[in-house]
Amino acid sequence: MEQFLQQVASGLANGAIYACVALALVMIYVSTDHINFAQGEMAMFSTYLSWQLMTWGLSFWWAFIVAVALSFVMGVLIERLILRPLHNAPVLSIIVVFIGLLAIFNSVSGAIWSYLIKEFPSPFPKSSFGIAGVIGPHQLGVVVVTLIVLGLLFVFFRYTPLGLAMRAAAQNPQMARLVGVRVDWMLALGWGLAASVGAVAGIMVAHIVYLDPNMMGGILLYAFASALVGGISNPAGAVAGGFIVGILENMVAFAGNQIEKTTGIYIIGNGEKLTVALIIVIFVLTVKPAGLFGRVVVKRV
Amino acid sequence: MAALLEVKGLKAFYGQTQSLYDVGFEIETGGITTLLGANGAGKTTTLRAICNMVRREGVVRFDGKDMMRLPTEEIVRQRIAHVPEGRGTFTTLTVDENLRIAAYTRRDGAAVARERERVFAYFPRLSERLQQQAGTLSGGEQQMLAIARALMLAPRLMLLDEPSFGLAPLIVVEIFRILRRINEEEKVSILLVEQNAALALDLADHAYVLETGKVVMSGPSAVVKNDENIRKSYLGY
Amino acid sequence: MISNKTWVLGLVVLALVVPLLQPVFPNAVSDYRLFLVSTMIIASIAVLGLNLLTGFNGQFSLGHGAFYAVGAYTAAVLMDKLNVPYWATVPAAAIVCFIVGYLFGLPALKLEGHYLALATFALALAVPQILKYKWLEGLTGGVQGIVLLKPEVPFDLPLSEDQWLYYFCLVTMIVLFWGAANMLNSRSGRAIMAIRDQSMAAETMGIDIALYKTVTFGISAAYTGIAGALSASAIAFVAPDSFGIFLSIKFLIGLVVGGIGSLAGSVIGGIFYVLVDNSAQALSQFVKNDLGLQFDLSAYTVFGILLIAIIYLMPMGIAGGIYMLWRRLRLARG
């Protein structure tokens, strides 16, 4: 029973990370109709930025804040300089550019900070809070921080004029222009926010998965699964999807462990997590593309 | 006195296809002008061209200022409100949010609040449905919302694209009555594109008739209304 | 005016003859160089596979590394466990990969643009883990992979192992490209491209779009799978971690830089990414060892920048650029 609770708790913590990255993906998808294949590598790069800042003497939370802010700027710049000119380019071209960004972020991180795996500190001291035997302080901290960030975003989009303008721009860009909204800047801001949210996820998860240029690959795959499960056009759905997938992932591994313990047969375990995510992705795409909470997109002729 | 809106030699293109060849007209401050013509004559395109929503060439001047180099959102910020074909409702936002986004560019909070009150006076039905998703409103209500949104911009000029489209006759009459009130009470100049020429000519002071991308006749609406030839040739009644 | 066919024939003759000059120019035509060119040939075949699907048929694949892996492992397992001779593993891999590709093509029918890219991207990310699956370990050798033997020179021909490998790969490439050219010039080829260009129009042409799309998926997978099988023999080793997402990215580079929808482009693309990969390694060593700077440079920085630059400056790739140049020269001559 204790082990089961641990798995649920760990699933929540993982789920929080997936929720953040999935939210970043959905934010960009909703405003631009593009899937940011480079989201994971951008988040990883942001995490290295925070690591570098800490090496230069900043405390964890200051490094966190500065790295998130820098990531915001980075997101805005990428949208304005690289993506905006390709506004009307064919889909394949844009996908290729995303892959290009992926390759650049990954290799530059490796070049600057090397491919050696590094430890990443946790801001939540070992024996501070947490429920003994169920959830550790860092995991609990991850969930709390994530919920705070998501809460802030919710308030921003729901109750501020700028948030409203961004929603309007994403929903109906032409009409948004007709009320005077500078839609192009809204897109750039959306990218900035997405990059920031990704940075939060990366910095929070680095302590668990250790810092290395390839740390976000699997997480990105899980974020895709989460976004699809929740409905790729629905930000709230993405968050829900993240938690659902996080817990599901751990339940499957837990079940596999139990089966192995009792029958000695290994069917599935921690080594198959990416395969599980792949199956979820393919399943949702082919069976229910709108996910749980999304809307089906009509094929534009 | 210089015209509020001056359009000269306006050309418009959808991709490689030319849609407007030589459109020219003027709108005086405080007046209601209507653009008439058959389907495909270029009426909607003209409104779009004024707001830089299509590729265009020519002269568009608003209150003496050149509008040719401005993007849509900057033209709108000059206080030109465009109520497009299909109402342009933000369907997933609430009625309240639709009204709030329309006031996005305004800094004068108190005036905005007063504006809302006046809008609710014109369209009481909207005040009853504030938290409702705008996409679930009826056609007539969405048209009212669209006009209300336009008012929230505190426009000097309102462009309306076929406001009667798809609406029951009673509602259309009500809306046109409100448009006249808006013109008189809010001092908003109106440029109205309409298929329903009879209604439009009743409302407007001045009319321009378009045919295949060119202005073929113009005049005070009283004159146009009473000219049987014009009505038969261009307006279909 | 030299026709295309003459150019190709000339190049083929060159390709066949030059390696035989090894005794005369042992340094220029070294075994190492031949091995390098063999890897370029293999890369070209892999890129051609991707091109058939994405360039000619419009179905985006970011996961062709998966089919390459299937081909490589099919060949490796056959050679390692069943002592199948290396030359037989190539058609075997082709068949296996065709089936796998076709099966993947079925659900892919429902996915357009981004979504197919997403599904294939997910596939590419998961491949190394799938290969390390416990139940397959007996076959695949798990993380350690499988060590193989390089193809032996048959019939006591006076060739080195690398020369023989080169010819084996070259002949395979010629056959495959010739087959692809014929298919693309036929009615089937036009149908395949019609699907890419305007799905609605293709439907009214009366072709069975679903059939063409799935079969093209299968053929494309088979081609890239053959490349994988060849690489298993060439490198004499397969291991799961060499078949990750970056392999698929390399194919994409070859596709874009060489030229989408171009056979010649596939060759250019294959040569290109092998060259850059090798040069990058050399450069990285230079920077670390000779300059003493602790920067782990990788080819992917160059690849990434190039991907973006090509989309901006030369969306049709190098092949497209050459084509444009050639056309301009022709028009200038009048």
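Going in written order, the chains are labelled A, B and C, and every chain counts its residues from 1.
FYI, contacts are C-beta pairs under 8 Å (C-beta built on N, C-alpha and C of every residue); 3 or more make two chains touch, one makes a residue touch a chain.
It should be emphasised that the depicted structure is a prediction, and the values quoted were computed from it without experimental measurement.
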| item | value |
| --- | --- |
| Topology of the chain contact graph, where touching chains are joined (line, ring, star, complete, other) | line |
| Central chain (distance from its CA mean to the mean of all protein CA atoms) | A |
| Inter-chain centre distance, chain A versus chain C - centres from mean C-alpha coordinates, in Å | 32 |
| Centre-of-Cα separation between chain C and chain B, whole angstrom | 58 |
| Chain A and chain B, separation of their C-alpha mean positions in angstrom | 44 |
| In the complex with chain C, residue positions of chain A that touch it | 33-35, 37, 82, 85-86, 89, 91-93, 95-97, 99-108, 110-112, 114-115, 217-218, 220-221, 224-225, 266, 269, 271-275, 277-278, 281-282, 285-286, 289, 299, 301 |
| In the complex, chain B residues that touch chain A | 51, 53, 71-73, 76-77, 81-82, 84, 88-93, 97, 100-102, 104-105, 149, 153 |
| Complex interface listing, chain C residues touching chain A | 54, 60, 62, 107, 110-115, 117-119, 121-123, 125-126, 129-130, 132-135, 200, 244-246, 249, 252, 256, 260, 294-301, 303-308, 311-312, 315 |
| Of all residues in chain A, those that touch chain B in their complex | 161, 164-165, 167-168, 171-172, 174-183 |
